[in-house]
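Chain lettering (A, B and C) follows the sequence in which the chains are written, and residue indices restart at 1 in each chain.
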């Protein structure tokens, strides 16, 4: 038996302006479940894509079963028995289980498809290999998410040629009760001698299921743990984070004013439930959580983009029910959305037009836009926020990401709102612009606005916020003061590895 | 964004959504029963045969459209759609009529030329959509207009009679006591059904339309299937041209508009009848026959001619609204 | 005009006809009979009036009407006859239609259902009620030749000469008259108008024609078989400032009579039909048939020649369309 089923050595990959992988290595032994962890941008997905043949490495070697593979293409890798279980399910909802499992590798006779044979094989596979009973004739859309995941796994493994299976965030779409079903299937695969790479943000899962773990940071493998148990979460976090909070943040303690926004028992089937939170004037409240924790949906619900199924929201002590963002804006609540290109900016409008979009009433008279007043207003904002180039007439598409984000902020600043919902305000923004955006947020708080800051950057949350709420699988699992909070602690809370509060979130998807 | 856990439907469909699902079929059957009791001779073998006869050209072009929708996905704007099929049918009919009647060309040669024209249209549509990435809706709408224009040039926008025995056979002939057109169309439907639902190629074509990513991950090439879907669709246009010639005893200008309307309606109506709520061959065929049955029923009942259009259009809106409602209730 | 008012007028006309024939000593009735009325479309005045005339008269005679409308699509119109056949009506009145209806007529005849046509001579029809197309064709030929002084170049919209017998008569006799004017030249190829969207289509084709034939090289535009395209032709002439070109057409519906009645209108000659009376007469013929009378294959209904503005106003009033000033 060979020493490793997969050996990737000194892999380097540079994208224009970014070093994604810098001499990274990964070694997987036969029959083990090998965890792969790291923060966003650490290089996990890049190395998986190099293995899949999606990216071609600039340097380094890949060997499978001690045989060098070159070049690495998707066909060669597939032939060598490597299978990928993508994070997204990618199934056709109106296909049957059998049709989905055999997609692209159907069994045919001269007369056409052998549906019965395929169905029998699929059902046998589920029973013998994955230890579940799934009817081959049922439609995908009538299955639960966990079963869909198993169908996806069956599709990759039905040809019985798999030696190494890569799971990319397999539990992301699952509710906690369904995870055990998946783990049982993964352990069965291991028992059959199939090696597994398990990529996940959830450290509790990593410590639960993995035999060994490789930690990535800044494009390199910084640690390999040969023995994994519940107690090594801290060790993993240290290896993942490896830095202190830097001096990007202007925080200087806020005066907490009157209660402005309060939510009680807010819920939306399948996304989040029983969410209670409050925000005071002059306060910045952070919301932490992994992607899929319900954080994005919560923000959208507060803003009226999605209806809440349960619970109530009060604004300045009065219950409100927003059925659209226009309601929210009218009541003094605004959102800086995460995807500014899609939701925040009209890219083909000028900077001036974008800035004035939300406050057209103030710059128009009986519905007629007062061009001079609008332009003057835009120029003032551009100066204040240091948007470059400082030309109000320039088309927004031509601005850099940071300046686009500042344009969106400028628009909402212009409305003088009382509550700001900021969803990932610095994603894709360079450091210089980040500092300016942080200063803007700080100024808003000092001027008495209440701010909800939803972010996946733990440093940003600790650096900017007074309090941080941690969401996991649709519930708030922790609420903590940001003062004295370390990145390690916050990461532990968001990844479910925290020992401080053992009540792990069990989002009830019903 | 990962698929949220809520995408998992709870144990079985709720009662409400089951009622909504059954509603289109119930409405249509109800209408037919009502017509049956109120229209003289409606529940007769003759009328049934008439319904089938009149739906023949629509059924044939519906086969083509459903295949394109299956391969391209059922989003009306970005998914697969081919509006050019009726134009293909009309130009093929025009070419055959013009050559056979006005230039004494042998029928087989005229048919070969018509087939060539149809394939050309299919290949152009396929290449434009798959290679240039143009929107199927706009591409095929433009093709429709262009092809109808060429048809006017070919036929000088005039009616041309055709009395070739083969065409007359399609119109008046019988096989086993049933109209030849209906029997031949049924055979066509069966061949297409086998091709789409019983072969690997057909299933893969459906996979491509159902989820492009899923198909790609499984090693299928979406562009390949979509391209051939357009070519097959043009071929159904070619086939439909014979039934157009038979029905009109020649080629009449202006038949393409009604054909296109009925094709689109029947195909998407058919989705409401299919158990999987997607466009299928049988659904489209059933849709075409039901639309024909309803319109004949209304005429037989003597519903004021000025109102039939409104009633037909409203019924279709109701069915489509129910389909939309059903998917909303489920999510 | 509301549908109600139209039917009221049709009913009035029908009762006049009915009274007239009753006066002649006939006791006609369609009581207990179901009469299918198939019309190619109801968008155009002529078709609609003929249809209304037939329907109102059948009802006035005590018959039951089963009406089908082809929506201005000859194919659908032809198919509609199958529906009448399946429904087992007692007789069919078929208004207009092209060659596609012939096999349907034959099938109806085989099933013992008599077919009565309007403006569509057919070997399978008991009787065809129509205007005097021969008189229409020769009259419009003479009027047009006079209007351009017996010589010049003429363009003709003539899509249906080969497809519809009545159009063959009208256009053929128009040409027959022009053969005696060696100075008149018909521009080749002839133009083919669209059936479904005639005015707009004719407008575009005329604009193209005008750019092809500059000032002084075209003297008249004639529509060979009907008048809807003439609406678009006159529009195009006015747009291009070429109202020196003379326009002639047939049918004389109210829209075209109104255009003729305008001051300085290029539309100078027309022959007006009485579509409501034609439809009504066809229905009377059905009743005569059931009363055992022998019908001639063709029944001709009078037409009214319209030459110039003054006559247009007079005919407009005479046909009950209102008054024009």
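Assume a contact is a pair of C-beta atoms (placed from the backbone, for glycine too) under 8 Å apart; a residue touches a chain by one contact, two chains touch by 3 or more.
Bear in mind that the values here come from a model prediction, so they are computed numbers and not experimental data.
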Graph class of chain-chain contacts, one of line, ring, star, complete, other: line
Most central chain, Cα average position: B
CA centroid of subunit A to CA centroid of subunit C, Å: 72
Whole-Å separation of chain centres (CA-atom averages), subunit A against subunit B: 43
Interchain centroid distance [CA atoms averaged], subunit B/subunit C, Å: 35
Interface residues, subunit A side, partner subunit B - complex: 86-95, 99-100, 103-106, 108, 111-113, 139, 141-145, 148, 155, 169, 172-175, 178, 269-271, 291-292, 296-297, 507, 509-510
Touching residues on subunit C, where the partner in the complex is subunit B: 3, 34, 39, 42, 64-69, 71-76, 78-80, 82-83, 85-88, 98-100, 102-103, 159-160, 162-163, 192-196
Residues on subunit B engaged by subunit C in the complex (per definition of touch): 39-42, 44, 46-47, 50, 53-54, 152, 156-159, 161, 171-172, 244, 247-250, 252-255, 257-258, 296, 299-300, 302, 304-306, 308-309
Sites on subunit B touched by subunit A in the complex: 1-10, 12, 194, 198-200, 203-204, 206-207, 210-211, 213-215, 217-220, 276-278
